[in-house]
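Per-chain numbering from 1; labels A, B, C, D and E assigned in written order.
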C-alpha cells in the first residue's frame, strides 16, 4: 500500500515543488505543503509550506505562541495525541506522506524529539536512556551499556552522571535533566531530530556543548530546532524559518535571514525592533 | 481574620483526623478486647466443630481462596478497563456509559449482588453454591473499585511521560506497561487493598453464593464458609459476640498481612525500575 | 459443586455428598447431627448451608440441594412435589432483660404486649418503664409460630417494635436493653437473658412434650423424591433413630415422640 | 556518527512494527472488552432485578404507586408499602454523607498535607486496614457500644435508631473516603504548592484554594465510592437500625432502610413477597442512579 | 521580640560587614552570611556570603547544577518544603533574620518568586493572577480587576490574553504561561522579586519586554535573577554573582564581572572558555 501512495505523492510533490525551489526538489528530506492545523476551532498554522534539507540544521524562530512548537510536533505526529486537532495539507519525509502511512512507530523511531520541558521518566538515568533501544528489542547488556554511554557523552552529561547512572533521573537539576533527554533521543540514532528549545534550560557551557554536538550531528542527521535565541539560530543553523501568527513569513538561508531579510517583519524581529 | 480562619481550618483538620483515628482505635480495641480470650492455636488451626467455639481453619482457607480468585480475575479486568477509559477511549457516549455503569455498580447493595450471583452463577451457570460462584460475584463487586482508583492513578501520570515515550517510537502498549502503569502503581495498589477489604468484609453476597458449609473445601467448586460469613452467622443466630470478635481479630491480622505484602510488592516493583 | 449429581452417583451405596440447606434455626442442629453421623460413616460428606427456610425450600425444589430445612410449615404453593419430615420440635420462649422483675405472663398479656395494648412494664406489675418489643422478621418460622399460638397477626404487631434477624440478635438486643422483651428458640437460652413463664408454666422441653407449654413449632426436612439419594435417606433415618433424637435433646431442641 | 542500523535491521523493524500494530489493535479491543464487562454485569443485574421486581406490578395487579407511597408493609397480608423505608434510606444516606464526607476529607487532607511523615505513615495503612473490617463487626460494635450509648445518653427506651445508623455508616465510609482522597491529594504536583506558597499564601490557604481543587476528580471518586459503601451496606445497619416499620420523624426513631428490608426478609420470603423485595431493589437502584447522576453533575460543575 | 532580634543581629552584621564592604553596610536589603545548605548528605551550597542591595538587580550566573536555584530558594524559604534540607548561616532581609522569624507568609508576600518552569494553577488566567491578592483578603471586584490588568500589562501579556481571562491558564503556550507567572508575582507588589530563569522560555520580543519591565521595576523593587544568558545578565543587572559548585566565586559590579573579572574561573566562564 505504501508504495502506491509514495508513487502518486511523488508526482504531486514534484509538480508543486518545481515551481518553487527547483534545485532542491529531489533532495528535500522533509517536505511540507499547505499545512493547516486547528486546535478545535482555533487555527494555529496557516498554509505552511517549507522544504527541509537533509543533513542541515533548520531553525524555527518567531515570537511566543506563533506556532513553532505546533509545527515541530506535526513532523513526528505528536499532535495526534491531542484531542480535536485537525490537519490538512501534506507532510512528506523521505518522499513518504507521513499522515498517509499508518506506521507512526517507524516515523517516530526515525524522527526523534527533544521537548521544551525536560520529561524524563521516573526511572534511573540509565533506564531512561536505554528506554528507546530496549523498546526496539535490544536486550544485550553490553550493547545497551555502550549506547547509553555514547548517548550521554554525546549530550555532554556523561561526566556528571556516570557515577549515578542507577539513581533516579528526577534528582537532577533542570539543565542536567534536559541533557539526559537529549541523550535519550540520541540513543535512538534517528535520522531526523526535532528539538523544541532544547537549550532554554541550559547554562552557556552546556549550551555550547550541545551546539557543538548539533554541528557534529549535522553530518549524519537532519535537525530541526526551535529556538528563541537569535544568536543560537545564527550560529548553528543552515536555514531559518521565521514564523508569525501561525504563518511562515520567511524561509531562507540563515545568513540571509539575519543579514538581509526580505520581509520587514523578519527584519524587525531579528533585530529586536519588533512589537 | 485570615489567621483566625486558617487556624480554625487547621484545628478542624486535626480534629477530624483525631476523630477518625479515635473511632478506629476504639473499634479495633473493642474487637480485640472482646475476642482476645478465644484466640489460641486450636481455635485458629483446628478443624471446625459445631459444638463449642470450634476451630476456624476451614474458614481461613476459604477466605483466602475467595480473595485470591476474585483479585486474580478482577485486577486485570479492572486495570485494563481503566486503561481503556483513560488512555484509549475518546471521550464520548460509550465512555460515559461505561463510567455510569461502573459508578452504579459501586452503589448496589451487596445483598442484591448475592441474589444475582445465586441466580446467575449458582443456578444458571450451574456452578452450584461454591467458592467460585462467590468469587465471581465478588469480582463484580470490586471491579468498580479497582477501575475507579486505577483511573485516578492514571490521571496523575504526567502527559509529558506519554509524549516522551511515544516520541521515542514506542507503541501505546509499551508506553503503558513501561512508563504509565509503573508510575500509577501506588494508586492502583491502594485500589487493590481497598478491594481486598471489600472482599474480606463481604457477607451477604457470599453466603447466598458460597453457602455456609463449615468444612474444609475440597476445591473451588465446594460450598464453604468464609470468616466473615462465620462471624455473621454467629452474631445473627447465637449472639456469641466474643466468637464474632475473635473471628474479627483473625480477619484483621489477615488483612494486615495482605496489606503489608502488597506494599512490599509495590516497593519491589519500584526498585526494579531503577 | 454438582452436589446433585454426586448424590445420584452414590444412590447405590451409602457414600457421597449430601447437601442440605435452609433454615438458620434448624442449621446448627443439623450440623451437630451431621457431625456425629460422619464419625460413623466416614465416606459420607454432609454440607449444611444455613441460608433461611425459604431459600432452603427453593433449593430443594430446584435440586440445588438434596434436602431443604424449614422452621415453618410450607405454604400451599411450596408444597408441590416436596416430601416433609418433622425431625424435631422447637420450643419458643419469651425473654427479658435479667433485671426485669416481671417473670410470669399470661398468654393474653403476651398478646397485649406484642400488639401494643400494653406499653409499660408498670401495667404488668413491673417497674415504670416503657416496653420495647423485639420481634423477628416477617416470614421467620419462629415468628409465624409465635404469632399463631399467641394469637395476633403481623398487621397487629406494634409498629415501632424492633425487628431483629435471628435468635442471636434478639438475645443480644434484649440482653443489652432493660426495656426489652422478645422471643427466642430454646436452643439459645443462656444467662444473659431471663426466660418468662407463660400462664405459670416454665419453658422446658418436658413441658412442651407434656403439652403444658404451648409455644412450639416443628423443624422440617423437605426433599424431592427423585433427588433424594440413598445416603440422604439414610441420614434422615438416622435423625429419627433414638441416637439421632438423643442429639436433638442434647442440642436443646425437642425430640419427636 | 555512522548510521546505526544495517539494512537487515531496518527490515526487521518493519516486520516487528507490523506485529506491534496488530498487538496494539488487539490490546485496544481487549481493553474495550474489559471495560464493557462492567456494563454487561450492570445490565445483567438490572435485567435480573427488574425481571423479578416488575412481576407483581405487571402480572399480579399490584399498584406501583401504592408500593412507593404505601405506609404499611405486612407481607403476610399482602400489604407492600415502602414509603417509610424510602424516607429512612434518604435520611440515613444524607446523614452519613454530612458527617462522613467532611471528616473523611479533612482526615485525608491532614494525612497528605499536614501530618508529620512518620504519623501519616502510621495512620494511612491503619485506615486502609479498617476498610477491610467486615461490616458485621461494625454492626456488632454499633449494637454493643453505640446503641447503648445513645440509649443512655439521650434517655431513650431503645438506642436502635436513625442516628445510630447514620453514625455507623459514617464510620464505615471513612476508610474508603480517606484512602482514595489521600491518594488523590498526594498526586497534586508539587509545583502548585510551591507556586501558591511563594505568593505568600498560607499552608492552609494553599491546601484549600489550590491543592484540593486540583484533586477534585479524585475527591469526587472518594465520595462516590464512600457513598456506595454507605448505600450498599446492610449487615451493620440491620443490627443498629431497629428495623421498625414507622415513618421516621426524628433521629431517635428506629427505622428500616430499603437495603435492610431486602436483607432482613429475603431468606424467608417467597412468591410475591420475594418479588416485592426485588421491587424494593429497583427503588434502591433508581435512588443510586439518581445520586450518581447528581454527583456527576456537581462534579462537572465544579470542573469549570 | 522582633526588635530585640533586629537590634542584636544588626550589631553582629555590622561587625562582619564593616570588614568587607563598608559603604553599603547599612543599605543592604538582603544580607547572607556563611550559608551552608545540604540536601540530606549532599552539600549544595558552601559558605555563601553576599549582600544584595536595595533597588538593584542582582544576577546569579554559573553552570548548570551549581546551586543558583538552590540559593535563590533559600531567600524566600522555599527550600523549607523539601525534606531533609539543612541550612546553617544567616540570611537577613531588612535586618531581620528570616530563618529566626517564624512568619514565613509575611516573608513570601514580601519576597515574590517566578520559577524556572511555569507553574500556573489549573484555574482561569484571571484567578491565577488574582490568587495572591485574594489570599491577602482583597475581595473587591473592581480592585481585583485593576490588579489583574495592571499585572498582566506589566508582564507584557495583557493583549494576548485579555479576551480569554476566564479560560484555563493551562491552555497557553509555554512562553505565555511563564509571562502569566510573572504577572502573578507582580500582582503581589512584593519588595523583592526572585526570578529563576524567568525568560528561558520566552522569545526575544517578550524577553526584551520583560527586561524592560525589570529595568522599570528596579526603581521600586529589589530583584534577584538567575539567568543562563550572559547578555541578559550584562544588560539588566547591577551586580552579578558567579556560582560554581555551590560556592560564590566572585561577586561584584556587573561591569567588573564581565570586563575585568578577578578570578580566572569567572573569566573562563563569562567568555565561554570554561569546561
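What we mean here is this: a residue touches a chain if its C-beta (ideal position, glycine included) is under 8 Å from a C-beta of that chain, and two chains touch if they have at least 3 such contacts.
Just so you know, these numbers come straight off a predicted model, no measurement behind them.
Student: Over the chains that touch one another, what is the least number of steps taking chain B to chain C?
Tutor: 1
Student: From chain C, how many touching-chain steps at minimum until you land on chain E?
Tutor: Between chain C and chain E, the shortest chain-hopping route counts 2.
Student: Go through A-B and A-D and name the pair with more C-beta contacts between its chains.
Tutor: It is A-B, judged by the count of C-beta pairs in contact.
Student: How many angstrom lie between the CA centroids of chain A and chain C, rounded to a whole number?
Tutor: Chain A and chain C have C-alpha centres separated by 81 Å.
Student: Averaging only over C-alpha atoms, locate the centres of chain C and chain D and give their separation in whole Å.
Tutor: A distance of 36 Å separates the two centres.
Student: Could you please state the distance in Å, as a whole number, between where the Cα atoms of chain B are centred and where those of chain D are centred?
Tutor: The computed centroid separation for chain B versus chain D comes out at 14 Å.
Student: Based only on mean CA positions, could you tell me how far chain B sits from chain E in angstrom?
Tutor: Computed value for the inter-centroid distance: 50 Å.
Student: Could you say which residues in chain A touch two or more other chains, in rising order?
Tutor: 105-106, 109, 117, 136
Student: Using the touch rule from the top of the page, what residues of chain C touch 2 or more other chains?
Tutor: 24, 51, 55, 165, 169, 172
Student: If I count partner chains per residue in chain D, which residues reach a count of at least 2?
Tutor: In chain D, 20-21, 144, 189, 202, 205, 239, 263, 266 touch at least two other chains.
Student: Along chain E, where are the residues that touch chain D in the complex?
Tutor: Residues 76, 78, 81, 83, 105-110, 112-113, 115, 117, 119-123, 131-132, 134-136, 181, 184-185, 188, 190 of chain E touch chain D in their complex.
Student: Inside the complex, what are the residues of chain D that reach chain E?
Tutor: 117, 189-202, 205, 209-210, 213-214
Student: Mind pulling up the chain C residues that touch chain B in the complex?
Tutor: By the definition above, chain C touches chain B via 1-4, 19, 21, 24-25, 27-28, 31-32, 34-35, 45, 47-51, 55, 62, 64, 165-172, 175, 188, 192.
Student: Could you please specify the touching residues of chain B with respect to chain A in the complex?
Tutor: Against chain A, the touching part of chain B is residues 90-91, 158-171, 174, 178-179, 182-183, 273-274.
Student: So in the complex, which bits of chain E are touching chain A?
Tutor: Result: residues 61-66, 69, 116-117, 160, 172-176, 179, 197, 200-209, 228-230, 269, 272, 274-275 of chain E touch chain A.
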